[in-house]
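Labels A, B, C and D are assigned to the chains in the order they are written; within every chain, residues are numbered from 1.
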Amino acid sequence: MKKIAVITSGGDCPGMNAAIRAVVRVALTCGVEVWGIRNGYAGMIDDDMAKLDSRSVGDIIQKGGTFLGTARSEEFKTLKGQQKAADNLQAHGIEGLVVIGGDGSLTGAKQLSELGIKIVGLPGTIDNDIWGTDYTIGFDTAVNTALDAINKLRDTASAHGRVMLVEVMGRACGWIALTAGLAGGAEIILVPEQPFSSDDVCKKLVESRSKGKKYSIIVVAEGASSAIDLGKYISAKTGLETRVSVIGHIQRGGAPTVADRLLASRLAERAVRALVDGRSDIMIGYQSNQCVEVPIADAVGKKKDIDPELYRLADVLSQ
Amino acid sequence: MKKIAVITSGGDCPGMNAAIRAVVRVALTCGVEVWGIRNGYAGMIDDDMAKLDSRSVGDIIQKGGTFLGTARSEEFKTLKGQQKAADNLQAHGIEGLVVIGGDGSLTGAKQLSELGIKIVGLPGTIDNDIWGTDYTIGFDTAVNTALDAINKLRDTASAHGRVMLVEVMGRACGWIALTAGLAGGAEIILVPEQPFSSDDVCKKLVESRSKGKKYSIIVVAEGASSAIDLGKYISAKTGLETRVSVIGHIQRGGAPTVADRLLASRLAERAVRALVDGRSDIMIGYQSNQCVEVPIADAVGKKKDIDPELYRLADVLSQ
Amino acid sequence: MKKIAVITSGGDCPGMNAAIRAVVRVALTCGVEVWGIRNGYAGMIDDDMAKLDSRSVGDIIQKGGTFLGTARSEEFKTLKGQQKAADNLQAHGIEGLVVIGGDGSLTGAKQLSELGIKIVGLPGTIDNDIWGTDYTIGFDTAVNTALDAINKLRDTASAHGRVMLVEVMGRACGWIALTAGLAGGAEIILVPEQPFSSDDVCKKLVESRSKGKKYSIIVVAEGASSAIDLGKYISAKTGLETRVSVIGHIQRGGAPTVADRLLASRLAERAVRALVDGRSDIMIGYQSNQCVEVPIADAVGKKKDIDPELYRLADVLSQ
Amino acid sequence: MKKIAVITSGGDCPGMNAAIRAVVRVALTCGVEVWGIRNGYAGMIDDDMAKLDSRSVGDIIQKGGTFLGTARSEEFKTLKGQQKAADNLQAHGIEGLVVIGGDGSLTGAKQLSELGIKIVGLPGTIDNDIWGTDYTIGFDTAVNTALDAINKLRDTASAHGRVMLVEVMGRACGWIALTAGLAGGAEIILVPEQPFSSDDVCKKLVESRSKGKKYSIIVVAEGASSAIDLGKYISAKTGLETRVSVIGHIQRGGAPTVADRLLASRLAERAVRALVDGRSDIMIGYQSNQCVEVPIADAVGKKKDIDPELYRLADVLSQ
């Protein structure tokens, strides 16, 4: 393998730049040329790509987002679009591709691999919902951002004796809510994976007041409920004062944490080494503190559940 | 004056603790005893107050919220409630009172003063909407928190080429939106004081794309529009992708900034010195880098507008 | 087991409060009474301890330091001191003890266990140097604090083209330097475990300038070198401008990160369950994302080395 | 005036980028072309400059450092160097120059003005030591960074009952130490402007212990003392445990605060308007919340003292 490319696709996450940097520098160490594709699969179709050298990835490790840009592409969902993208890579002599992104991006990678491109995927999404890896790139930063919000809400919740609701990301998946909620000492955590009744939430809040809790923090995954609607319901039902924050895309930004930079760097190194050694159609995951290679078909086909032990622990600790 | 009390009332804000600490330590230096009243005027009515010494305000300067607690009180809105509160103070021999809070709290202070309590108010609100002072305690922290959110949104906005809307506090007043928006390089800032049309917003966004801006940040004061509704409108009208964050009470929390701690400390010192010197029925403001005493009736009766120069500058700089 | 105690000892670290909170709340769920010992083993000797309930550990999960206090005790190093401490526990009917601390504290725990106290240790130190656990409580927060410093130095290093040295903690152990250095994109990382020559450092700096690097960041563990002395040497030898920061105990403070709060909570839960189930003389470690029980004699007797793979990766990525 | 240039010179500070951005965008609004000079006066001598447009200053407002770079230049200290620099500007048709920097940079500006270049200076230095302005660009960010360090030291100081020393910047000037110390609740603040004896420091520490203070924070300006030496002295003399942090150039980095971005934007706007209106040989200062124009000869010739009132207040509040 003499020439590879790197692409970030789908929703961005903190740590993508650290991954790109590691792909480039490790590849150069292995004597492999690296190209960067701009704006995701759309850029691959538009032949928007350029060679990267070591200096071109300097001073980016600390930045959120992705300096290559990212986008969603309708055209790439068609076989014609995919073929055009693959043709562009081949025209440049690019044999291998490192794809950094979430579920949709890795699915796209799998489709490219069927057109003859050697593919290695990296799990890059704040949602931590990719099968085959304990952690995804961006998750640690996102939950720390959510935690920072909870820390601040705690100050004012405590001063007023209020119920504070914070809505975090997670349409189909409660990892951010569960993790930030446990770390933030939330009294109630609502995730898409666990059905709940708003009345039970109200009951629990009323009970905890009678036990001496002076304020409450509720963390809600966007896929579990609208925090705004739930806040109104609680207020109407219990008479408790509620306030709501919807932190939204703030969770996607910011300088990546140590853990995300290390994870991105390690996975990226392994991705390049796999390509160089002739292995592809895989995603590099991180399991039990080791880089592992999992079939990309499994990574995009299987579902990763939240940890039930963590959910149980959160409940015990909020007593 | 031998004995004074200090109270935080209404919405909390970062810097209230720094103000309480300064009231206590300056008063002790002047040979005056200080009591702390818990949970705002409600606590004054319930006689929930205790003597404070220098150590009891140790290790609080860095904390958001108010360790005395705060609350809103319906009972205090009645003359009977006010009389009960005043009676409690007098029963303890408390002659003077430092009230830290926003418009409503200072109005309450004015009412107490009519019942014979010597009152000095401090402007404590994140909204910066109190007449007679250039800055209110908590404003600098709140706008820096909002700015931090904007910084993070910028990463992901840049990666995706999106329109990011962030809704900040300010029901009747656009100081937070204007200041955070200008500092954050927002393209559009919407404040309650300036009428706007959603169509003009859409037009401006479309134009800026044609001039080469790849993404846009819109800061919306809650009193100007719902960012969620506006985001939907823009998306439907222009086809641009929008994302919304409603940062809410996060703005009220967090460790106070240097500026808020200094402001709180300076105003608090002057408040105590005014009481000791026999002046009351005033609010201590900060004008042109000096503590000033303004009649409390003016502070609660007059309206402070946003700075039109700042609004104009924000527009020039977003080109 | 009806009654246990919890103690923090030795150097404090972020996450100790989260661990105490979890010990208390899990124990109460198991029907076990919990006492808190103040100021480490010194407080145990002085019988400075009190019963804790669920509310007494409210609002502490977000705080650095330890609300129980910690101290070093000369008296506890004697058998007489240890016996007095054990007697005090027994006088209160305390059968089990959870000790949160580093190497010295766990060694103390082992000694107490020889006097009949059932002991479970938790690895609490920013240094990450305890055998038997992949991570220690406080490490993730400390390296993120060091990383934040490096992020800031990068701004000014880049503006000036300077060599910035930052000295981080780690007398005998380079985990903080290695991890923060890798994450921070440091060009050179100096750890106690790896001998180096100052002249080689100078040579590498000069070479990297000739390759186009405009500035350099060097992370130095305090046990590897004095950053101040090294900075002077580099400057004299190469003529490059150097600047030095010694971040010191700042690394010990601050609100704990998500990872540290989770680690503390999980380990603490397991510690209580082990005591309740009759297991002791162990430390709870975290290996491959699982809580594990290791003999406390191993935890204090064996040495944990830095990860050589990480060191190699740091070198590749700094090219 | 048809064409101006902007330069950052001397030590960098947070907010320089915000100032450059405002100079460019305001000038373009006025129909004036703007050039950016790279690496300070050295770049002016080397003719290292290029035209800037509105997009070229996009996405920089949030960044520390200066994207133009900065450097110190020995050659510029000679008349020959200055003449060469002036000739380069004139060769490009550049008539006016906005210089952003500290005392040395503004002195350089004054020298250029004597060679026929129309000059307006902006006070850009974290030290806040420029006569004619209440605040310099970068000061607010630097003191908030120092405060963050103090906040973290407080956690661990409190846990251990130690004396923590933190050395901040300020060779000839105590503004950072005084302001951060007051805001951080430091017990002792040492500044170059106020002579002190190490024995008095020791005495005060011992007394405060006897009054019940459990730990102490000392903020030392680098120009007042070496914190490392002082820490050793205190420890030897009093037996109190001391720990030292030297935060150094960390204070120069980081995203600028709201206040610094606003200050930079306002001053920059006024600088451009002054040039356009034909006024030069001035520095734009900020006094009593207003932009003012002061003769550049005064700005570099007069000394700005620390505020004695603030120093006195710090002492009262540390009781």
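In this section, a contact is a pair of C-beta atoms (placed from the backbone, for glycine too) under 8 Å apart; a residue touches a chain by one contact, two chains touch by 3 or more.
None of the values given here were measured: they were computed from a predicted structure.
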{"item": "Chain at maximum distance from chain B, centres defined as averaged CA atoms", "value": "C"}
{"item": "Chain centre separation in whole Å, for chain D relative to chain A (CA means)", "value": "39"}
{"item": "Cα-centroid distance, chain B relative to chain D, in whole angstrom", "value": "28"}
{"item": "Touching two or more other chains - residue numbers and ranges from chain C", "value": "151, 154, 158"}
{"item": "Which pairs of chains touch, using the document's own definition", "value": "A-B, A-C, B-D, C-D"}
{"item": "Contact footprint of chain D on chain C as seen in their complex", "value": "8, 11-12, 14, 16, 63-66, 69-71, 145, 149, 151-161, 164, 243-254"}
{"item": "Contact footprint of chain C on chain A as seen in their complex", "value": "21-22, 25-26, 28-29, 54-55, 58-59, 61-62, 134, 140, 143-144, 147, 151, 154, 158, 179-180, 182-185, 212-213, 255, 257-259, 261-262, 265-266, 269, 288-289, 310, 313, 316-317, 319"}
